[in-house]
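Below you'll find the structure, written out as C-alpha cells, and then a few comments.
Letters A, B and C name the chains as they come in the text, with residue numbers starting at 1 for each one.
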Amino acid sequence: MTDDMIVHGVEWTVKELFVYPNEFIYWAIQIVMYPFVTGLVAGAFVLSSLYHVFGQKDLKDIAQFSLVFSLALLPVAMVPLLLHLQQPLRGIEPLLTPHFTSAIAAFGIVITVYGLIVMAEIWFVYREYFVAQIQELKNQPGLLSFLRRSVYRVLTIGASDVSDAAIHADKKAATIMAAVGIPTACFLHGYAGFIFGSVKANALWMSPLMPVIFILSAVVSGIALCMLTYIVIKEWQAFWRRRGGSSLEAAEIKGAEMTIITKASKFLLAFLVVAIALELLDLIFRGYTAMKSWDILRSVMYGKDFINIFVLQYTLGNIVPVALLLLPGRTLRRTVLALVLILFGVFMMRWNVVIGGQAFSLSFSGYMHYELPIIPHDLATFKEGLFGALTVMALPFIIFWILNKFVPSLARDAEGS
Amino acid sequence: MTCSRRDFLKEAAGTAAASALPLSAFVLLSPEEARAAVADSKARYAFLIDTNKCIGCGLCVKACKIENEVPYDAPVTRNWVERYIITKDGKVHIDSPMGGRDGFLDNNMYGEEIDPEDIAKTFFVPKGCNHCDNPPCVQVCPVGATYQTNEGVVLIDRDWCMGCAYCIMACPFGARFFHPVHKVADKCTFCYHRIKKGLLPACVQACAFGARRIANLKDLDDPATKVIMTERVAVLKDLYGTKPHAFYLGLDHDVR
Amino acid sequence: MKRHVLNPLWASLAIVGVIIGGGRFLVPDDFGVHGRNFTYGYYRLGSLQDWKDFPVKYQGRDSCTECHEENTRLNSGSVHADIQCENCHGPAANHPDGVADGVQSVSIDTSRELCLRCHAYLGYTNSSRGAMPSVEDSRHRRRRECSGCHNPHNPREES
C-alpha cells in the first residue's frame, strides 16, 4: 500500500468486537492538546484579570506575567488544529466562510476577537514602557538597537503621549479590556466544550454540562500553569542572585512569592472543587438514568478506562492536589507538586473526554483502543503522535521567551500598571 | 472618564462589526442561478432496504467501491452490509468484515466459530448514508463543505473540505470517513452522478435480490415509494431526530 | 488627545479588513446559501456540477445484451437472470473501446470466492440465505473453479 492509501486513524486504532467499518479514532492526541491549550489561555487571562478587574493587589506580579503568557499561548492554540487537519492549507476557511451552525466556526471568530482584546490590553499596559524604551534606545548606537527601536515605534501605533492624563486613560482602558476579556475567554473555552457537548451522536460527549465543565477546568489549568511557571522563573532568578551573593534579595523574592501563591491557590481550590462536583454529577446522572448507551459507557469507564479516569484524573489529578493545598504546613515544594498534579489532572480530563468518547463504537457493541504513536514513521504518526504533542507543549515557552524580550513581564522594574 | 466609556462602547461596537463582517462572504447570485438552486425539486430520493431479501453477497459493496473510486483494499467504504447472528443463549453477534465487501463465506466471527445448531435468528442489514432530512453532519461543518441538495442528497465539496472530521464525529450512523487519496471527508452520494442521468445507484443496480432499492418520495407512482407509504417501514436510530431517509423492511430490534 | 486609546480599535478593524479582503480573493464567487436554509444549504454551487461530472463506470445489463447475444440468450430465463453481468465481470465503463487493439477491458473472474458469496453454506435455516442452493466450501471440489462444472450464465446448463 502506498503512503497515499493509508486510512487516517488506522495506524493508532485497534478495534474490538463490532465497530462500524468507517469508525476509527479520528480525533486523537492533537484534539486532546487543543482544548488543553485553549484552557490554559483562558485560565491565564482570568488570573490576570483577578488583579486588573477585581483589584486583588497581591496578584500584581503574577498578573503581569500571566497576561503576556496568555498571549504567548494564543498562537499555540492554533497549532494542534493545523497539525490535525487533513488539509491544513485550508485552515483559514472558518474565517472566510464560517458556517455558524457549527461550534468550530464560532472558534474562528472568538479567537480573533479574544486575541485582539488581549493584545489591546497588553498595549495599554505597556505603552508607556514602549515610549520609554524608544527614548532609551535613541542614545545607543548599532543595528540591533535600531531594530529594537523600530519595533517599539511600530508597537506604539502612533500614540506617544505619556502625560499623566494619557497614562491614566491607558489604565482605565486596560481595566475595561480585562473586564471585556473575561467573558470572551469564557466563550473561547466554552466553545471548545460546546464542540463536544453538542455532538448528539456521541453518548459520552452529549451533555449540557460539557461547556461548563470545560470552562471551569480551563480556569483551573490556566491558574495552575501560570503559578507554576511563575514559581519556576522566580526560583531561577533567586538561584542566580544567591549565586551572585545577594542572599537578602533572594529571601525577599521568596516572601513576595508565598503571598501571591497563597492567594492564587485559594482561587484555584474554589474552581477545582466546583469542577469536580460537576463531573461527578454528570457521572451519577448517567448511571441513574441508564440510557441505552449506559451499558457500554459503564464497561468503558469502570473497566478499560478505570485507571485513566478514577486513578489518574480524579485521584492523582484532583483529590491529591486538593489535600496537598489544604493540609496545614504548606511548603513551596508541596505547592509545586500540587500544581503539577493539577495540570496533569486537567490533561487527563481532556484525554478522557476526547479519547474516552471514542473508546466505544457508535454501535454500542464494540470498542476502539487508542495507541498513541511514539516513534513516528511518517508525517501522520508524527503529527498525531507523542512528538507532535511535545512540540505543541514546548511552543508557548519559546514564544513567551521571544515576547518577553519586547514586553518584559518578570523584572520588577518593568513598569506595568 | 467620558473618554474610557466612549472607548468601551466603540471597542464593543467594533467587536460586533467584526463579527458581522464575515457574513459579507455571502455572494449575490444572478436571479436565474438563485431560482434554480432553491427551486422545489420534483424528487426527494430515499433508500428502501429489505433485510428479508438480503443474503449477504456483498456485491453492492464491491460495486460501490469500484463505481465511486474508493480504494478497494482500504478499510473504509461508502456502504456496507452487517451480519447479525443471534444465538439461542440470547447473545447478539455482529460483524462486517471489510464492510461485507467479499461477502460472508463462513461462520467465523472474531476468531470464534459459531455452530449453526446454536443459531436462533440471523439476518443481514445493508447500510450506507441515510441522507437525513436534518443531517447533523451538515449542521456541524464549520466551513460549508458539505450540504444537502434540493433532492435531499447530502454531498461533500472535495475542494473546500479542510478535513477536520467534525462531520465524521457527528454522524450517528458511521457513514462518513476520510478518503485515503483525496484526504477529505467522503461518504455515499446516492450515486448523484448516476441518478442525475436517470441511472440507478451502483448498489441498487448490483443487488440481484431487490434488497436495495431507490425511491423518489415525490413520485407517488414509484413502486418503492408505494411500499414506504403503505407498508410498515422503520429507520435506524430514530431517537436522534435526524429524520433518516433509508427505510427498512424487516428491521430487528437488535439492529445497531 | 486621549483618542490614542482608540488606536488598538483601528488596528483591529484593519486586521479584520484584511481577513475579509482576503476572503474576496480566496472564496469562490458561487459560495453562498443555496436551497433550504443556512444550516443545510451553505455551500459552493459549483460542487453540484463537480459531482454530476463524475464518470459513470457501471453501464448495466442492457449495454451488454446489445452485442453479447449468446450469453444473453443463455442467461435470460435462467436462475441467474437477475444478476448484473457487471457483478461478475466488473464495470463495462468504456467497453468496447480498445478491444480492437487487443485490450481486455472487461475482466472475467472465475474464482471460487465470487460464487461462494451467495453459495457458501452457512446453515442459516430461517432466512433468505438459507433458501439459496449452497455448498460447504471445504467439502465440495476443493480449490477447483466452479465454472469448470457449472455454467455461470445458466447454472442449470453444463459448462
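Convention: a contact is a pair of C-beta atoms (placed from the backbone, for glycine too) under 8 Å apart; a residue touches a chain by one contact, two chains touch by 3 or more.
None of the values given here were measured: they were computed from a predicted structure.
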Pair joined by more contacting C-beta pairs (B-C or A-C): B-C
Most distant chain from subunit C by Cα centroid: A
For subunit A paired with subunit B, centre-to-centre distance based on mean C-alpha positions, whole Å: 36
For subunit B paired with subunit C, centre-to-centre distance based on mean C-alpha positions, whole Å: 14
Distance from the mean Cα position of subunit C to that of subunit A, given in whole angstrom: 45
Residue list for subunit A, restricted to those that touch at least two other chains: 95-97, 99, 101, 112, 116, 120, 169, 173
Where subunit C touches two or more other chains at once, by residue number: 2, 5, 8-9, 12, 16, 19, 23, 27, 31, 39, 42
Residues within subunit B bordering two or more other chains: 3-4, 7, 11, 18, 22, 25, 139, 144-145, 160
Subunit A residues within the subunit B interface of the complex: 1, 4-10, 17-18, 20-24, 26-27, 81, 84-88, 90-91, 93-99, 101-105, 107-109, 112-113, 116, 120, 169, 172-173, 176-177, 180, 195, 198-202, 361-365
Partner subunit C, residues of subunit A touching it in the complex: 92, 95-97, 99-101, 112, 116, 119-120, 123-124, 157-159, 161, 163, 165-166, 169-170, 173
Residue numbers on subunit B that touch subunit C, as the complex places them: 3-4, 7, 10-11, 14, 17-18, 21-22, 24-29, 33-34, 37-38, 52-59, 62-63, 66-68, 102-107, 116-117, 119, 121-124, 134-135, 138-139, 144-150, 155, 157-160, 189, 192-194, 196-197, 199-200, 202, 205-206, 208-209
Of subunit B, residues touching subunit A in the complex: 1, 3-4, 7-8, 11-12, 15, 18-19, 22, 25, 71, 73-77, 80, 82, 92, 94-96, 98-99, 110, 136, 139-145, 160-166, 168-178, 180-181, 183-184, 240-241, 256
Subunit C residues touching subunit A - in the complex, by the definition given at the top: 1-2, 4-5, 7-12, 15-16, 19, 22-23, 26-27, 31, 38-39, 42
